[in-house]
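Chain nomenclature is as follows: A, B and C, assigned in order of appearance, with residue numbering initiated at 1 for each chain independently.
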Amino acid sequence: MEFTTIFDFIGTFAFAISGVRLAARKNFDLFGAYVVGFVTAVGGGTLRDLMLGTTPFWMTTPYYVIITGVALLTVIVLKKWLVRFDSTFFIFDAIGLGFFTVVGLEKSMAADFPMWINIIMGCITGATGGIIRDILLNEVPLIFRKDIYALACAGGGIVYCICHKYGMPNVATQVIAAASVILIRIVAVHYGISLPSLSPDQDDSLHSNS
Amino acid sequence: MEFTTIFDFIGTFAFAISGVRLAARKNFDLFGAYVVGFVTAVGGGTLRDLMLGTTPFWMTTPYYVIITGVALLTVIVLKKWLVRFDSTFFIFDAIGLGFFTVVGLEKSMAADFPMWINIIMGCITGATGGIIRDILLNEVPLIFRKDIYALACAGGGIVYCICHKYGMPNVATQVIAAASVILIRIVAVHYGISLPSLSPDQDDSLHSNS
Amino acid sequence: MEFTTIFDFIGTFAFAISGVRLAARKNFDLFGAYVVGFVTAVGGGTLRDLMLGTTPFWMTTPYYVIITGVALLTVIVLKKWLVRFDSTFFIFDAIGLGFFTVVGLEKSMAADFPMWINIIMGCITGATGGIIRDILLNEVPLIFRKDIYALACAGGGIVYCICHKYGMPNVATQVIAAASVILIRIVAVHYGISLPSLSPDQDDSLHSNS
């Protein structure tokens, strides 16, 4: 087992847990919770692979299907205690985000796309799973309204490009880029930093006031 | 016309009818109802084909576009009497589900994927159309909350694998697998069997009680 | 720069503006507004390209990413005055719809699909971006309930086929087809022409009355 595989599995597990827990809050049945967990974990990479024209990554190994099953079992068995581990899950989720971003970026780079596409593919890999999860739950996607999330992926992607351009060894580039994503995410959540929201057209609010 | 084609058309018709009727309840216009009917009928197979890397099946023959049109006309003309045929549509829908599952599984098998992927592709073919339908209607997908639906596909897929492994003739394998899906579905609905739902985190409910 | 490129950019800009403005009404942050604008502009062509089995068009040139950025900036800077330009945006949007329809139809034709698929691909190119936009905003897609929209694409597509069949020069065919889409759209909105909506099953309404 490669070193990076551990991070891949941690990220998949954390993403699946977040999907399963949100599905539970909407009283989904076991199957629905499993699907939402699975889509949260693999949705981003699947969209990336379809756009890159390759077979979705989770179809080449049963690990992702199994890890989602473990995540579902974890939520069922540890339900009462899960909230106590929220900060652990947050760290896992941030690790997953950092790792997914680097994986997505490199898969796009290996297919000879230019750097700006690679950065976008990193963001899509990290952020799309959560968007599809919220669509399935019939909610406005959380990442459009709160926190620095996909922007952390973009930040990590830019760091990757800079390291890569100046000839830094591959492993160092990966670690620094993933760490940047994780750091941006932790700092943003800890200090409650959000992007400003776009307020509606001025005339609209005038209209609703009158 | 092949024997199986009849089941394919019955399933497509039943799925399209379900999409058109639910769109009518949301006061969609004729075009919107057609689109929802079409997506319900072909959405699962389309996602499967994109993941398998082939051209979506409905792009190779005009039958699916035409059958959806017939379904739309049927709902318009027979609107007043449709409810009386609900049990007929339920049987058609179950036949379609069984047939779609077998078609999806075999298409994946023909592309040399392992059996666990074939089973998943059978489930995606059968269940995704209804999920996209509910997303377009801005509802929480029904199959995540009620009834045994995608699980019937999975059950039929497992039956297929067992028959296939023990060298049963192809047609017998197809019939037994499709019949399993239909039977599971009918038994589940008749006896009101559902999967247990995942209740929310204990601490959440405590919190909302206090 | 080719002649047609200008129409492509006008359409992209108008579609992105519509996405950003609707996201602003839902208090999305800057990143969320950008994503919604981008998906509105390129979503239809992306689905078309995935179905045709080619790389999504926006991955081959940075213009679409940049134009969406310009659209976001435009909304931020001109927020107070945007409403005054609503009729301008409507014309831009109609031009974009006509242009996208022709581009989608021709891309499908170049891949040797039959004419009925080309027309559908024209409709998908023009209309899917707005559908995905509304799903991200957690609304029932507007085009299923109001106005002649995708039907204008279908009308333009049929006009294209007729011109093409009777050997009209390519540029004339393109212009006449795009103009048909724009004209249908303008006439429909100006005279408030909508498709009839499918009323729900008779028995349902009886039931809710009693």
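Just so it is clear, contacts are C-beta pairs under 8 Å (C-beta built on N, C-alpha and C of every residue); 3 or more make two chains touch, one makes a residue touch a chain.
Here the structure is a predicted model, which is why all the values come from computation and not from measurement.
With chains as nodes and touching pairs as edges, the resulting graph is complete, every pair of chains being joined. Both copies, subunit B and subunit C, contribute mostly unmatched positions to the interface they share, with under half of the numbers common to the two.
Note: centroid distance subunit B to subunit C, computed from Cα atoms, is 29 Å.
Counting partners per residue, subunit A has 50, 53, 135, 138 as the residues that reach two or more other chains. Of all residues in subunit A, only 50-53, 113-114, 116-117, 120, 131, 135, 138-141, 143-146, 150-151, 194-204 touch subunit C in the complex they form.
Residue ranges on subunit A touching subunit B, taken from their complex, read 20-21, 23-33, 35-36, 46, 50, 53, 55-56, 59, 62, 65, 75-76, 79-80, 82-83, 135-138.
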